[in-house]
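Next up: some structures, all given as structure tokens.
What follows is a pair of complexes built around chain A, which joins chain B in one and chain C in the other.
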Partner chain A sequence: MPKNPSFWRRITARRETLTRYLSLVTTVLLMVVFGLIRSSFLGPRNIVNILKDLSPVMVMACGEAFVLLLGSIDLSIGAIASCSAVLLTVLLPVMGPWAYAVVLGYGVLTGLLNGFLHTRLGVPSFIATLSTQAIWQSCAYLISGGQPLTMLPPVWPYVNWGKIIFLEAVPLLFLVALAVLVAYAFINRLTAVGRVVTATGANERAAWLMGCNVRRSKMLAFLCSGLGAAIGGILFAIKLKSGIPTVGTQYTMLAIAAAVLGGVSMTGGKGAIALTLLGAMLITVIQNGMNVIGVNGLWQQIIFGSLLLAAIYLNSDKSHKGLIVK
Partner chain B sequence: MERKRLLSARGITKQYPGTLALDRIDLDIYAGEVLGLIGENGAGKSTLMKILIGAETASGGTMEAHGQKYAPRNPIEAGRMGVGMVFQEQSLILNLTVAQNIFIGEEKPFVKHGLVDRARMNQSARKVLDAMEMQGIAPGARVNRLDFASRQMVEIAKVFHAVSSCQAEGTVILLDEPTSVLSEAEIRQLFRHIRRLCEGGNAVLFVSHKLDEVMAISDRICVFKDGCKAAEMPNDNVSESQLYQLMVGRTASGEYYQVQRQRTPDAEVVLELKSLCQRGFFGDIDLALHRGEIIGICGVVGSGKEDLCAVVCGDRNPTDGRMVVRGKARAFRGPHEALRSGILSVPRERRVEGIISEMPVFENICLSNYRAVRRHRLISTRMAKEQARRFVAELSIKVAGVSQLLGHLSGGNAQKVVFARVLASDADILLLDHPTRGVDVGAKAEIYGIIRDIVDRGKSVILLADTLDEAIGLSNRIVVMKDGLVTRVLEAPSGHKPEQLDIVQHMM
Partner chain C sequence: MDQQARSSRIGLEFAQEMKRQSQRERFVSWAPLAVLALLVLLFSLTAEGFFSLKNLQNVLNQVSIPLVMSMGMTFVILMGSTDLSAEGLGGFVGSVTALMVLNSKTTLDMGFLAVVIAMVASVLVSALSGLMHIKGKLPSFMVSYAVSNIMAGFAVLAYRGEPALIRDPFFTVLAQGDFLGIPYLTFIALGVFGVSYVLQTRTRFGSYVMAIGDNEAIARNIGINIDRTKLKVFLWLGVCIGLVGFMGAVRIGRGEVAIGSNVVFPAITAVVVGGTSLSGGKGGVVHSLLGAFIVTVINNALVLLGVSPYVQQAVQGIIIIVAVALSIQHGKSLIVK
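So, the complex of A and B:
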């Protein structure tokens, strides 16, 4: 069948609509496959698990998506999330619910620092965030003393909201993450400063000469990324009731992958933040599914990598239409 | 005598979403001739070239080359059939030598012990260049050391070599706007090369905006209009105005710049430059721009006029002097601050500076002023689209819909979208840096109308014109700059326009 040329032509002609929802299609397909192998995969208990696992990745990914829309990259989100989780665990016994505010403030500051390094000092975002990533990772180790911290019973009242589940399948954690996603998508779509992020990613020179406040938009993008990472860290800490200094590390790349799977172009200027939901969903379903059907732990990363590669290959825009012709 | 037909096209049609770019075009190219192709932007010239070279496929129609069926899927296949193209943007690799560029991708014959034999490659390149009588170009020279004309020649030599080595008898070379970066002397040289190429039994398809050039080089001329072939004629006894009329479907009149609509500026000064200076570029500029005035700044490249423009619109900072906008001294940290004072520019390089190709038309129009399309402090897509529809109708912009991506519009229409954005921005001091660059004659006239409308609404304009004629025709006053200094200010009221010579003598 694939040899038939008209088949391929039909596929490529509908490429635009196809790629937009391919993550969704792939996710549903995988869910059916996993469900057939083990019916408990689609049970309410596992759905709750998936949504809980999904929440932190999704929040981090939609923050990252903002920076990717600029055509920049933020490599520090994993370290910021780790540091936030540790910070929350340390501060909750000391200051109670105010710890949340402190951690959110920390997230904003880390984002602003990245933004400052990139826009004011002109450090390329790759280098700037690689450096801050190292700094925050070290801070996470220092604060925690290099080992996982557990939340003790006195602070449980502050974190037990993470156990609330609606309709036996929708955890409150997921709703929080969804709220962040919606808010970010709104900022990007409906505010001037958010639109300018996309415009800057598409053609920075033109956006600048048009009188758009390019620097402010860049600061906003990095701020959103830092804040998203901090919220991600909070969600990790609540879910696990502990502060692990490496909890976010592997999620930097996963968040980038989720954003790209959601259709955000890594060269900037193209993509919708809301669709990051689909990318994050796909990644989580693959990871969770392999655990549920019992794939050998040593093999999991190989299968995960291959599935991700296939998904990205099908998703990414290879037409190079977005390139500016000199 | 029956001439040999090298390439022929029958009923070529190209349908893009929403637009019919080419409508059943028939075209023949004979050995030994130069066929000139003219038409407005968006008339379908570029699309036809792309189909001939295989960069696009036609939606309908057939082609023949050397009597055989010709349906190239890419420029390489076209090359094998003896059709080559020199693109508008130069495609040489600047940090390689002339010889390396000519033989790029074909280094095999020169490989010895796994390494490329440079000397032998240079010798072969010498032969290629000599055959084109380009003795002045050294094959070992790096391309970035050459001037633009030589680069263009190398490009032609490269294409000719690639094509003729596949198809020895009679090749067709497509030239897309080959003269846009060349000086007059260089153009004459280029024309000599084209002639020589054709005398050898080859053919050239020459596409240009400049009517006089097409008339100087072509044996036959083909006029395109709105995707159709409006006329095809031998190049004898045709006049420029005749061609112009065929292209636009109306006559070129002396009232091109709508001089009768020129208004007397108000007394109110909106922008005042006081001994403004940017070290190394310009100095000591004093200028007062009145409400409703058009000031044309003239000067050669390097006179500092572009730099002055960049400073006024906030793109760069002055080193000294003051800018006073409506009585208040201002310093801008960027164009966004200039815009807050009502200053906005229409930049010269539209594709890279003026538009965001990946965004739809309606978003491009509201980019400089989101406040106009906000409701409860949030952007309303509905309002943005309504605003865009208003401007599309007002400026008669040709679009399939306001959601069409701007990158898909032709030059003239894209420029009108830029003007729509500027109008929507509410800025009232406009810096128009070559506002009609790369725009066809028809759209030019419409843009002049838009500029007159802008001034009628009480806005003021600083104009860096494409030609002296344009500056004279549009401006109330002309400021002549040379080496970063103002050498002369001329009044240009309607009825008493200065001569080009008056201006040129202060420019040089």
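So, the complex of A and C:
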């Protein structure tokens, strides 16, 4: 490093920090703006709404962040979430609370399948997960018959915990999502196999030469992603009291965007899972705020796509000049 | 044993090994054709009404859109990149084309000019996402994924939730008419295939794409202008996506975003099943032609066999995984991401 790095160099060096605070500052700014336009935006009822909307995105995003840390990608989370929501709705009347266990097991299984295809068969992650996405989406349609399923009153006792709200502002759903986030962050930061995930993303060959079990951490990352998607699907189902076969579709992109906005680099090895909270928050605030102040919903997709592009650009690593990106 | 004899023996072994390898490669490159023949045989025996002139016509009709899409995708994948933008962009092109020809929603009646405008828009958007990938050094599938979402948003915004119905008789004829029993749209698709074939085998551009996919660093060192070649690939992709959007719109007779919703996945399946390697540098448009037919024949037969349409996607997913897993060379210490 030269003694007087140029202005541009300093900016690029702090790009990561920049995105992190960018999403935080933008979130706060947007909340103020939306609050000024419509004061009900900051009311306790809407705060509960925001936190409820935030929960599934956050859980899916922190699973996705695990895979992004590897430098891989998981495009199947949306379909897994949809399929989980449908599965839960179908199984709750049959097996009661055990349905939750089955759906969580399903999530683990989907993650392991992705991990197997990627690590054992050597299929690039985006193509492997694009394919499993098609498979799970088909399953969601097949199980539900293509129609949204609603939960009938007999199973409400099993899902009514989603209505519990603490202190009039903090729904239990959000606390569950937060617990998952903390657990994932703990696995990533404080367990050996979790740290190898980040190391693998930074330099796979070096990690392998150091004697790290690269393959096992890759499996762990995909497992976490699948499980996170399944939990996300459960939260969707509880929130809506129904299983919609397309409920998760648009959340694949939103979860990736949330992770990247939280500072996870697409090339892997950089970022913290806990910060996906910030990215997810920004996305939910925009989504909710646009609904509250009455912006046409058609603009949302455009805004989120642009936001994703900006976030990848800010977070991409430009320090290697000869880097070949495919 | 003296030096000369040993070196000549090594040379002989090397030549034999090379011969064996090229034989194997030739065998592998014929595999898609064998698969297609096998599938046709299998479905002729099991699916009622599969082996008939009418169904052949159906297959030729159904193959047109996947074929055009896979022609654009082949060059992108040959280069080692991936593009998912067709999902939104194709829908956008279809939507605006329907809005600009004689239709039920607007008073515009631009006829063929509308198609040209929509195509230019498609090429521009594709070039833009290509530039973001090339100059911004962002992963191509990620950029195109975001672009796809943005364009899907614009598509729905253009017709504000209610798709325009195409009323122009010229386009209705184009969609339904045929010549010698082969639908017009299939002729367009075969024309695109012809152009792609020439581009790949008879132009410098085609060789450059192969070289970049095989080894970008070497291609750069021998003086190929990588950025320009890549940009050209995205321009060609834009043309193909534009055609796909247009063909989709005239086929269903209205312009809605759903036109693009099921074009990317079959195209990637077609390219990969045809034997073009996802890491680039291997395969080509003839392979993709076979791949497009394989995908179409399977989908066609699944319908005839009465399998739920929801399963089609899953079948394609499984086919992609199997094809990619088989084509990846094991034993190489390759880092896959």
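One rule holds for everything that comes next: the second predicted complex is superposed on the first by the 277 of 326 C-alpha atoms of A that agree within 3 Å, B and C clash if a C-alpha of one lies under 4 Å from a C-alpha of the other, contacts with A are read in each partner's own complex, and residues count from 1 in each chain.
Heads up, the rule we're going with is that contacts are C-beta pairs under 8 Å (C-beta built on N, C-alpha and C of every residue); 3 or more make two chains touch, one makes a residue touch a chain.
Everything quoted here is computed from the prediction, not taken from an experiment.
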Which partner chains sit in contact with A:Q137 here, chain B, chain C, both or neither? Use first/second/both/neither.
second
Classify the contacts of A:K241 with the two partner chains as first (chain B alone), second (chain C alone), both, or neither.
neither
Now for A:K163: first (chain B), second (chain C), both, or neither, which partner does it touch?
neither
Go through the superposed model and pick first if A:C212 touches only chain B, second if only chain C, both, or neither.
first
Now for A:G269: first (chain B), second (chain C), both, or neither, which partner does it touch?
first
First (chain B), second (chain C), both or neither: which does A:L70 touch?
second
Spot which of chain B and chain C makes contact with more residues of chain A, would you?
C
Partner chain in contact with A:R38 - chain B first, chain C second, else both or neither
neither
Once chain A of both complexes is superposed, is A:L190 in touch with chain B (first), chain C (second), both, or neither?
first
Using the superposition described at the top, list the residues of chain A that contact chain B and also contact chain C.
205, 322, 324-326
Which residues of chain C touch chain A in the complex?
79-82, 132-133, 136-143, 145-150, 152-154, 156-157, 160-161, 216-217, 265, 268, 272, 278-280, 308, 310-314, 316-318, 320-321, 324-325, 328, 330, 334-337
Given the complex, residues on chain B that touch chain A span 89, 313, 315, 334-336, 338-339, 344-345, 347, 351-359, 363, 367-368, 370-371, 374, 377-379, 421, 425, 427
For the complex, which residues does chain A have touching chain C?
70-73, 117-118, 121-128, 130-135, 137-139, 141-142, 146, 204-205, 253, 256, 266-268, 296, 298-306, 308-309, 312-313, 316, 318, 322-326
Taking the complex as given, what residues does chain A use to touch chain B?
186, 189-192, 195-196, 198-199, 202-203, 205-215, 269-270, 321-322, 324-326
